[in-house]
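Let me begin by handing over the structure; questions about it come next.
Chain IDs A, B, C and D follow the sequence of writing; residue 1 opens each chain.
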Amino acid sequence: MAFDAVAIRADFPIFDRKIRDGKRLVYLDSGATSQKPNVVIDAESNFYRLHNAAAHRGAHQLAEEATEAIESARQVVSEFIGGQEDEIVFTKSSTEALNLLAYSIGSAPKGNKFHLSAGDEIVVSEMEHHANLIPWQQLAARTGAVLKWFEVTPEGRLDLSDINSVITTKTKIVALTHQSNVLGTINLLDELVKRTHDVGAVFILDACQSVPHMPVNVVELDIDFLAFSGHKAVGPTGVGVLWGRSNLLAELPPFLFGGSMIESVTMTDATWAPAPRKFEPGVPNMAQIVGLGEAVKYLSKIGMPAIHNHEIELTKYAIANMAAIDSLRVVGPLDTNMRGGAVSFTLGEIHPHDLGQFLDDAGIAVRTGHHCAWPLTRKMGVPATTRASFYLYNTLDDIDQLCTSILAAQKYFG
Amino acid sequence: MQLDNLYQEVILDHYKNPQNKKLSANYDAQVHHVNPSCGDEIDLNITVKDGVVEAITWDGVGCSISQASVSILTDLLIGKTITDAYKIYDEFVALMQSKGTVEGNEDLLEDAVALAGVSKYPARIKCALLGWMAFKDASVQAQAK
Amino acid sequence: MAFDAVAIRADFPIFDRKIRDGKRLVYLDSGATSQKPNVVIDAESNFYRLHNAAAHRGAHQLAEEATEAIESARQVVSEFIGGQEDEIVFTKSSTEALNLLAYSIGSAPKGNKFHLSAGDEIVVSEMEHHANLIPWQQLAARTGAVLKWFEVTPEGRLDLSDINSVITTKTKIVALTHQSNVLGTINLLDELVKRTHDVGAVFILDACQSVPHMPVNVVELDIDFLAFSGHKAVGPTGVGVLWGRSNLLAELPPFLFGGSMIESVTMTDATWAPAPRKFEPGVPNMAQIVGLGEAVKYLSKIGMPAIHNHEIELTKYAIANMAAIDSLRVVGPLDTNMRGGAVSFTLGEIHPHDLGQFLDDAGIAVRTGHHCAWPLTRKMGVPATTRASFYLYNTLDDIDQLCTSILAAQKYFG
Amino acid sequence: MQLDNLYQEVILDHYKNPQNKKLSANYDAQVHHVNPSCGDEIDLNITVKDGVVEAITWDGVGCSISQASVSILTDLLIGKTITDAYKIYDEFVALMQSKGTVEGNEDLLEDAVALAGVSKYPARIKCALLGWMAFKDASVQAQAK
């Protein structure tokens, strides 16, 4: 069956609404958050309507059903990324997942594999989202570890020429994004993961912009931890995933403390349940977990390779057409080799905020600014960019409309 | 009453008259297991000689399912070889995880098949398994001695 | 207008379903999580259907609407508890809110009001939920502070006879529950808050079991921080609230790090946006925040005093009828003075798990175990209890059915 | 086009020909403000003498709204007494927060009323206010000297 973005749009009720006095919604901001298909919206509603109760607590029928609902979502999510069921920790977002890692590592006592000492090194890159940068800055500051990073080339690729001096025997953590939310760059991980493991460090992947858009398999990638957010993967807001190798999750100290993550508690001390429970205190974000399970099923049914191919096609078309626009500069790779569907650009002297506003008036939703990757925009030599980001429901029409409106904006502000 | 599938006669009998519920003074291994979600606890002593489970004694607090399950376990496993005991153990764990889809091999499990109904109540599976996990743990320790 | 629990039930779709082969749902587990009215379920769905976009990011119409939606929920929630709008921090749960406080306090540098040194004291009580106990145990362990606690009397009340030796000039934090999720006890705060402030400490209220059930006003209580969970207040799962005095939120260091909580970011350092943004990194749990706003509106419309009175009536009736049952022991206060609708009890030698299962078979949902307050159940001398907890949709009928089934259980297991 | 309410002639004019956009060498106070959500930045110098705003100069990067707004501000406030300037400031802030419900007092705000349309675009209010916040901050510092 051919990939049919128009048919897919019909699954997403938001496309039935109009923007700015009757205009068609051209949603090119999936890099910020994706839209939701009916199956996901209904899964959340139906959970509340039919099965709502505190999972893992209470022996009544609703509690059983609620438990079954979130645990089967855990299974679906684990299969989606090639992990084991008990390697999936549900968080509220990838931001929380990455902070969880930074805090838990920070509290690892001497003797624990994760323990950090002054002089140990943490490696990130210049293309990280703030969520995969600031937690490590803070961890470094707390422990005396040194933060190092890979630079980004003018083409928007990771500069790996110095890999052996960036990742050294002092390195304990390498935390990198799989796909840049600004440049669209997909990082080839093989060499990075190999070097990381060669020096005995752990490899953490910020997969926020990859898991929703392409096939990702944690075993094939041979990584140690991975984080992504449900809301960018046609799932609900308020749910994210931390995947970790089970032996590592077992060794990692817990992060948030409270109910249901314990083995035993006295007034002065507590011991922990095994992972993933150890990392999931409190009544879980159940309806959102259930919705995420549905989201992942929805994506799987369409097929991640098909989604990825569709986005590559859109990106190729977009870059070709945008490159033809006078004074438009794409900030990021111009080819679609190892590149996803986030296309950031500048347009002469027209400020992205003004361009974004103009596009909005035409019904086109893009994002403008530094996209929570301020060091990267600075490095690329721009104060801000406009970003169009594509997903399974976008069409070539959407891109035509974008290009037409960019030209109109040039006239308007010219 | 659907509940009667869960609370079979045998279970209530064992609950009211638990077997081997008195910790022995001597043992090869002693373990303490808890079920953190409900607070049930068990202490279990085991003696293994020449590959045979010579004695299992226990004490603990818990619901009828957890108490009956360990009581049945002692009846069933004392006198068995470790090899046979583990076969029974595996069969029992599989039965518990079957979500009510299998009846359980009565030749192997004897009275323990009465616990088959538990597998339909996910929150109670841990109750039924508490004593069995303690047994497995203790028996491994005893053999390692 | 008289309080009409039967009419209220009609707002909650879950009561249309049947339990265990056709039985009416008698839901007495609202202490664990509450059911949701249609308005809340629809608010979440409609957010996804009509307004979904990343709030506070992007200048397009959907982003504007999403921002407006969560900010107006913030206002509604702040009014509900008598705080200011910018004093409301949305979290995923009260568990996260309490951990946020513990972590942020733990990272306060010397010179910061919240800085803890070895020998400083943190005060909790024996009736705390694990979520308001373990984070403080851990904070004490990390900083060398000393954890102290108020004891609980056999009647299930806080023992304040030693208040001045529990809260001392060394005390920096007093973190207490407003209403015990096990005993139902409501703690009178006046003296506690006064003493806390007299010694210069901050008072943190775990209002998980009070905000959903009675009028709570942070200004009248004169407290410093408050936490509650949306899912216990007819709101969605996956959203909680931390309220803090604005001057204290301003001084408190941030907790989770990432997008949208920053003022500026370089590769090596970052500075923070003002509260509440400082504490809300990443794309927010928007649909859940919007749902919580609706939940609070729903509760306000019915009226918190009316809800509280209804629960007191139910509790009085329940205790009177349960006390008449042979060998039933209520664990907690027997009067309804400063007491809410959580009634825990034991029933002779019948284990709570067995009783709970029996009740479930009759369609009655209760919770059994230690209710995430293990030190408390131990203190009360019971391995576990059965808990019936009431809310606005419960009726005297529900309680009659509970009592009838308790009697039947006695026969069954007798 | 709805957008024309936002991008009035006056705004685009000021954007293309910003007034007083060259930082003076001398000043009583200098401030640097940023808008973290979009990265816009402004430096603003102020000189206040005998309660009168003598000079405002600035430099910065930002969208047309933020650039035009500060340009208009300088035209409007230079030569005014601090008291009058604050009246205008208050009126402008109120206009921005009005969600499009008021037109703005043209006698007081002059060209700045052209920014009234911004109040209907919540995400842009911060753009329009960036220069005004910088002015307020700088003027307070200058007076404190």
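By our rule, contacts are C-beta pairs under 8 Å (C-beta built on N, C-alpha and C of every residue); 3 or more make two chains touch, one makes a residue touch a chain.
Worth saying up front: this structure is predicted, and the values here are computed from it rather than measured.
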- Looking at B-C and A-B, which one has the bigger number of contacting C-beta pairs? B-C
- Whole-angstrom distance, CA centroid of chain A to CA centroid of chain C, is 31
- Note on the structure: Whole-angstrom distance, CA centroid of chain A to CA centroid of chain D, is 38
- Separation of chain A from chain B, taking each centre as the mean of its C-alpha atoms, in whole Å: 45
- Item | chain A, residues touching no fewer than two other chains | 20, 57-59, 63, 260, 262, 264, 353, 357, 368-369, 374
- Residues of chain D whose C-beta touches two or more other chains: 37, 121, 124
- Query: What pattern do the touching chains form: line, ring, star, complete or other?
  - Reply: other
- Query: Looking at the whole structure, which two-chain pairs count as touching?
  - Reply: A-B, A-C, A-D, B-C, C-D
- Touching chain D in the complex, chain C uses residues 56-59, 63-64, 67-68, 260, 262-264, 273
- So, in the complex, the side of chain C touching chain A is made of residues 13-14, 17, 19-20, 25, 27, 29, 32-33, 35-36, 40-41, 44-45, 48-50, 52-54, 57-63, 92-96, 98-99, 102-103, 107, 126, 129-131, 133-135, 137-138, 142, 147, 149, 229, 231-232, 236-239, 255-260, 262, 264-270, 281-288, 353, 356-357, 359-360, 364-369, 372, 374-375, 378
- Item | Parts of chain B lying in touch with chain C, wherever the complex brings them together | 1-3, 6-7, 12, 37-41, 61-66, 121, 124, 127
- Which part of chain C faces chain B closely enough to touch in the complex? 20-21, 351-354, 357-358, 361, 368-370, 374, 377, 383-384, 412-413
- What residues of chain D sit close enough to touch chain C in their complex? 34, 36-37, 121-124
